[in-house]
Amino acid sequence: MKFTAEFIANALKGRVEGNSGIEVSKLSKIEEGTEGSLSFLANPKYTSYIYDTKASIVIVNEDFIATKPLTCTLIRVNDAYTSFSQLLDLYNQVKNNKVGISPQAAIAKSATIGKDVYIGEFVVIGENAVIEDHSKIYPQTYIGDNCKIGKNTILFPGVKVYSDCIIGSNCTFHAGVVIGSDGFGFAPQSDNNYKKVAQIGNVIIEDDVEIGANTTIDRATLGSTIIRKGVKLDNLIQIAHNVEIGENTVMAALSGISGSTKIGKNCMIGGQVGMNGHIKVGDNVKIGAQAGIMSNVPDGKTIIGSPAIEVGAFMKSSVYFKKLPELAQKLYSMEKKLNAD
Amino acid sequence: MKFTAEFIANALKGRVEGNSGIEVSKLSKIEEGTEGSLSFLANPKYTSYIYDTKASIVIVNEDFIATKPLTCTLIRVNDAYTSFSQLLDLYNQVKNNKVGISPQAAIAKSATIGKDVYIGEFVVIGENAVIEDHSKIYPQTYIGDNCKIGKNTILFPGVKVYSDCIIGSNCTFHAGVVIGSDGFGFAPQSDNNYKKVAQIGNVIIEDDVEIGANTTIDRATLGSTIIRKGVKLDNLIQIAHNVEIGENTVMAALSGISGSTKIGKNCMIGGQVGMNGHIKVGDNVKIGAQAGIMSNVPDGKTIIGSPAIEVGAFMKSSVYFKKLPELAQKLYSMEKKLNAD
Amino acid sequence: MKFTAEFIANALKGRVEGNSGIEVSKLSKIEEGTEGSLSFLANPKYTSYIYDTKASIVIVNEDFIATKPLTCTLIRVNDAYTSFSQLLDLYNQVKNNKVGISPQAAIAKSATIGKDVYIGEFVVIGENAVIEDHSKIYPQTYIGDNCKIGKNTILFPGVKVYSDCIIGSNCTFHAGVVIGSDGFGFAPQSDNNYKKVAQIGNVIIEDDVEIGANTTIDRATLGSTIIRKGVKLDNLIQIAHNVEIGENTVMAALSGISGSTKIGKNCMIGGQVGMNGHIKVGDNVKIGAQAGIMSNVPDGKTIIGSPAIEVGAFMKSSVYFKKLPELAQKLYSMEKKLNAD
């Protein structure tokens, strides 16, 4: 697909300065522009790049003033960053516009498939499953019996959803995500063996949730593991049985939440964070990377460390941790002096 | 499926108190009971819920005495918790009772398939593989050449077992588990390149092992990576080449064990624990979450921290870590005072 | 497959001492040798095993002198370790010699497939994808539109490569690897919601890269996430959008690299390491397991800890961390003594 500067300027309600017939076929950063690419300049820090960029078209703010000659064509708009974001979204929509149901998918007769759905090759859809309108199920995905997938939801290749799980609308799950695997529940027996505790609950994922590649969310023992509206989970995260994560909380890669822990809304949780089971993390909590959360966290705290403490205290203590050998030597020599007195 | 109170009471050798004809179709926690659900009351802490629960039936201990009016039907049994667990198990067995071999599976002619096996759509089973009786291989699973899968073993969707690996009976592997990928072995060359060391061993997994979603277990360089009887591994765990894990050891999510390390039996290992390669961890060892294990651990130790130390010492030191800035200031002012004397 | 001592000696340019007609069908460690297995003795530490081994053939150095009677046949070579490695490589090549294109794969008509390629069952290959000569695509793998896979590259079962990604030659990706999933980019909105930032870049992986099972590499927001020639990544690693990893850098399992971070060449990075986004790690850097890297790291440093410091300093401070309660008590009693003076 190629687009002229004029076509793009019209779409963005901007105006062309330069060659209105010049064509572009891809988007790039201004410092990586090539012939045929369109870029943007919003952050003044990057202004110097515009004089050297090889991009054919650059979107700039209305008030941009060039102080040297330019070789690129400009499109002037009210807000260059927003306009470029619109183009990114458009590009992505065009790219991910697959529709139709592959004859090589295995769909149970009792399943209900909505309108304008994409179902790729080697997908399995179980008994009584419901796939709502405009959803896209990429190849090799598995959707168990009695699952429901909401509208406009995208499951990338190889996602596995166990039976009885409920997924909302406008969700995106990346490749290899596992939803509804058994919680890790075993009752110790007298002979050191463990007996499996049957995990018969499910997972409920509300609308507007994005889940990163190879992340796993276990089904509840009884009841539901719940991921609220707007939650964003990065790759390779582990969510245990009966956990609940509040609205619009975001969590970075490789974090693990133990069973029955409840996390509030609007939290920001770093990578490789671990949380004990059966604890409560409040709303608006910020947790630094690699923190270990052993007990309840009140609303609004910012913590880090393992075990986690307030971030300012951790940073100060870390400075002195590095000085520990020096401090200890000082202490030993003072002790010697005192004892000699 | 619906069951009457009378039917369930007979199955549990209990007796009905209330409406013996009332029907239930699902199991719930007492605090989440709804019409048509069956719950239980075992822990006295939850007694207050029984007077308000919407559950249609509640299983209680023989000696339970109601102190207020009840709207639910009771089933009295010797041990309410055990009886409810039996129902959970039964429910799960009924739910996971798939049988039959999909015509859309690709099974090598030289493979041997036992009786009453389930093999789902788009499964691949390699040359000379053996699948024993009553095993369930869910869709999109891969079983390489010469593998053996024991009796009553369940592989959930998308499990990948590389060639030559041996899996025991009564095992459960969750979606996305990888067994037998190459160990991470590379010999440094003079030009900073690495030459791959061929990994021609296998993985042996004994009976009664459960492995969580997206966990990976590498094959041995030579010989076998071995997971002993009764081991339970959570999600997203990494087990490197030539590791051996002893009987009935349990390990929580996101832990990683480096090459050739041997772990004893009956250990409990927390989440996000890391272990060096070529070390030996004894029997009955308990390791706290996020610990880093750098060297051998004797039998029966309880350790945490990175590098790990005994748990009591770690907890005490963590308290003083938080006080380090205060302690250091005290030290500096004492030093000043001493020098002034 | 069985081979005689004579056949193997000829292949390795060695000479037989014992029964030149004896046959072997597998390779083993000398301490685990069984009848029909071939082993080797290179490290003098293992010499005692040769007198008891049940291996049928043992490869030894030319200058090996037996001090007791031997039951095995010897093959004498210049360098026993190198000769045995050659046999391992050969064994692996013979084992992984699959060729041919499965009629059960779904390959777009517009895709280009090279010579002597293996494409397994239930593989999906998208529009305009290119698979170069001698590559092996194992079953249930997904290769998106416009991807390119170089020569002699092996993708094990269930690898998922999103559209537009470029993979080099002589690469090996293990089962469950995900390449090109969306970067974790969300713009906070005034109502606590997040708006997804479209991720329209790709992933470029150069030649000779090995990637472990279930590792995930996100596509760039714009431009490319880049893994340079010779990089080796272990299992369950997370590489975020726009990261770049330099030539011949190796990284152990469960590490996570945040967005836009650049890592130099010839680095060695331990397991469970976490790195902040937008930082620069130099060349020849060594990072210990579980380290947390918060800021730039100069060339050649060896660091560990979270936050990471130089390894010697960390080890010393860790010793005093363990002594913190004792040091604090000493400090308190000195303070009391000083105040009493």
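A, B and C are the chain letters, set down in written order, and residue numbers restart from 1 in every chain.
Criterion: a residue touches a chain if its C-beta (ideal position, glycine included) is under 8 Å from a C-beta of that chain, and two chains touch if they have at least 3 such contacts.
None of the values given here were measured: they were computed from a predicted structure.
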Same or different: do the copies chain B and chain C touch each other through matching residue numbers, with over half of them shared? different
Relative orientation of copies chain A and chain B, as a Cα rotation angle in degrees, nearest 5: 120
Please tell me the distance, in whole Å, between the geometric centres of chain B and chain C computed from their C-alpha atoms. 26
Residue numbers in chain B touching 2 or more other chains? 122, 140, 158, 176, 214, 236, 254, 272, 290, 306, 321, 324, 327, 331, 334, 338
For the complex, which residues does chain B have touching chain A? 27-29, 32, 85, 88-89, 91-92, 95, 102, 104, 120-122, 138-140, 156-158, 172, 174-176, 208, 210, 212-214, 230, 232, 234-236, 247-248, 250, 252-254, 265-266, 271-272, 289-290, 306, 318, 321-322, 324-325, 327-328, 331, 334-335, 338
Which of the residues in chain B come into contact with chain C in the complex? 106, 122, 124, 140, 142, 158, 160, 162-163, 176, 178, 181-182, 184, 186, 192-194, 196-200, 214, 216, 218, 222-223, 236, 238, 240, 254, 256, 258, 272, 274, 276, 290, 292, 306-307, 309, 313, 316-317, 319-321, 323-324, 327, 330-331, 334, 337-338
